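Read from first to last, the chains carry the letters A, B, C and D; within each, the first residue is number 1.
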């Protein structure tokens, strides 16, 4: 167990009355318990109670008047991730996948797995199935891509990135998700906070479904999986924007943090390769 | 109320042991009651109990040995669609959308609404919001596209179709869904049986979320919305393939039907323009 | 006849020895006579004699050492464009096109006319062939698109722009070229200087082949065609970059001008609609 | 020197008066001398004298009346290709490229080299420049792709093929051309006849510019480069369609051959790896 202190400060200049949908609160589930939490908005307003989506994404709505808007989120989160011997984690055969997992084999907006069957099979078809194959996909993605801030945009897809060979965290996740799905391994996108991420920011990584559970992976190697705090889960980044705005507002500042309060930094050890981490 | 007799016969030549996931059973909900139903497979085998996905899609799995495979589905379905005065159906404002509907504003694999905001706004931004605007999107789609069997393939997207100006039912639905989402109207794909469709086949159409309910639309004008029997619901066609096959099998025949058993053909009247039909 | 004063100042910070290929000198042909011209580079170096490409593009090479680089081009150009009664300008039938014009019916990198046959035919197939049809294509492009600096990048194509409905001058030209080619009208890209362009910059426009000659068109309406001074000609913008750099250099400033020295501004009259201007 | 017997028979059903542009005659140049040649059309008509494009492509026009159309081409061609020690063939540095070669560095419709700079540099940037690097690009292309008739269509591009990993001869050429251009090596598409191609058909391959000359390459390994008879040269397949048709005509048959008349099959030896073949 580790206790992570997470939060963010977002500043906007609102030019016309706008509606904000925020998806930046830490998810609540058996692996992740939110001990204390605050969401403050300035100018002060009562924030509408969270709506919770089908995958546990907590959505907050704001009606923002013109002027400056400041959003402050802060939470203390207990992580109770299971660490499992990854050697025993097999891929779930197609006829055994639960109905609610099947959709994560389907292609999605930024993960065109339907165009990559042969590509994936030729790169990864000879490998042993299981956790190690997903790790191989992460390693391949890490090796093929160069992490370049600003190299991609909101409509960039996994196929775009496979050609241009550069991207940011969401692109790494999209590529790995696409390759997993093309190999018949359900995979989905996770947004979150990440301990030791440099520079600090929201992070995007992914989960693969192995042996009847979801396991966290990150092809960027920018931060340890054990220090990830889940915000949202979805098919790809289209489902988990941390702020969706209707109206005319401009971001004027963003500050994100995630701090492991354990003196020994238990959550941030380099356990993301040999031990499967399931937090879903 | 109307009673529709639906069914299909699918034949395959299976070359190596294969797993079939079928999504061709009529959905069961308050608007659609399945009175009698049979699913027979030859060579005879016990068919695995349906799994039901989160949106009510009924999925059947088969393990098919090499050789000829025949699948026969037959059902009698009572339709209890609500017909509502479409003049009063407004768009739901962004801050009022339920959490489980928000995902249908997001772009998906074949519906790249995120690339079409300006396009949609310029074509439809001046129109009155509500049911009539979705109808205008359908009319525009019908007018812009030419229905050409074989003109598109499994990876064709709404953007592809907007440029090539031709497609089949799934493409018409993808275009209309994309334009709705770009306008802020949640929209999703529906596969189904359709009375009076010529030539008979599975059909693809869509739903838009208006006034706290989902309403059926079809931009192809190939069959009346009142005679649609829902099979599956999803973000786009990626979610509702009627047969997904792992293994080596080739389709050798397909026969689909949907017959309105009402003597007066109540379901197939031309009510798809002026009256909103909600069956979800 | 009019006399146009054109020029540019380009500044770069060169970080490692770099080769520059410049294509910014005014073209020389019977319609466009360069009276006086200078190209100065600082730090001073003798500039390699121009190479002239097959279409008359004048290419200058520089070997730039690390440090600041300033390029100054200045020319006085006599324009002797033919103004022709556009009512009599017919499209050249396919079997009459000269062999060296046929390539301008082919799709090119940023002008995917091969994907737009039906699109073009449905929008423009009912119009009378000839100069007025090319004008209709320009008008349609102008109406469909919004001119937005920064909305597109170096790999943006005509199809991208037709979907996103926004672009800059090169995108307007690419769209109009693509639609012309799809209709069977040879069309090509022209880069140049443009009198009265606001803000001053290099400009991109196009030519269509009608009645055995090339005629200038501009779908942006940003400046009069009569004040265009041709620099380069090509299939699309890929062929006429004003500066191509091998090495590490960063643009630090750009200043472009084109001034009609005629007291009555003869070149800049609004003659681009009713009179065909041939300068090739 | 070798003497190749080439030809083709094309049959069409013409439904409305149509114009055909044929580009199937063997090119004539110092490396390729056409000794005897016939082009017969049935129903008999005088065939319009060939127009010769700027790259030597010989274009024949036909006006075809409704009904059956048969085109018979036959030629005996002397090949005088230079075989050069490929070890000494260096890449031409950017500042030494002639003006008329520069265009073959630019991206084209089916060769999006502008999207592949990093891809090419990472795969081939560490290799020694020269003939061996182009050979490495061919080998890589051969290894990555699977040759699958029917797997691609007329609008498929190099980027599409890099993702789907399958294609036909034109796709192999497009991929290799794109990677060469991205590395700064001018490359262009060549259509032709090919001795020993199985099944017999028109072939598509490419040329790279090395050491002031163009050298033939073929990434498919389907036939020896020494037995290639050039028909057309262009930026990519868009420029060298063997038949372009305006009107309503349907292909009903095609038969292509290329036979090395040398008793010892001199042209078809396996010389395409170690010896550079320049025929342009």
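The rule we apply is simple: a contact is a pair of C-beta atoms (placed from the backbone, for glycine too) under 8 Å apart; a residue touches a chain by one contact, two chains touch by 3 or more.
The structure presented is a predicted model; accordingly, all values stated were derived computationally and were not measured.
S.K.: Any idea if chain C and chain D meet via the same residues, over half in common, or different ones?
M.R.: Over half shared, hence same.
S.K.: Which of the two pairs, B-C or A-B, is linked by more C-beta contacts?
M.R.: A-B
S.K.: Suppose each chain is reduced to the average of its Cα coordinates; what separation in Å results between chain B and chain C?
M.R.: From the centre of chain B to the centre of chain C is 47 Å.
S.K.: In whole angstrom, how far does the Cα centroid of chain A sit from the Cα centroid of chain B?
M.R.: 31
S.K.: If you look at chain D, which of its residues touch at least two other chains?
M.R.: In chain D, the residues touching two or more other chains are 115.
S.K.: Which stretch or stretches of chain C touch chain B in the complex?
M.R.: Residues 115-116, 118-119, 122, 144, 146, 159, 162-166 of chain C touch chain B in their complex.
S.K.: Enumerate the contact residues on chain D facing chain C in the complex.
M.R.: 19, 21, 48, 51-54, 57, 59, 61, 63, 94-95, 98-100, 102-103, 106-109, 111-112, 114-115, 154-155, 184, 234-235, 238-239, 246
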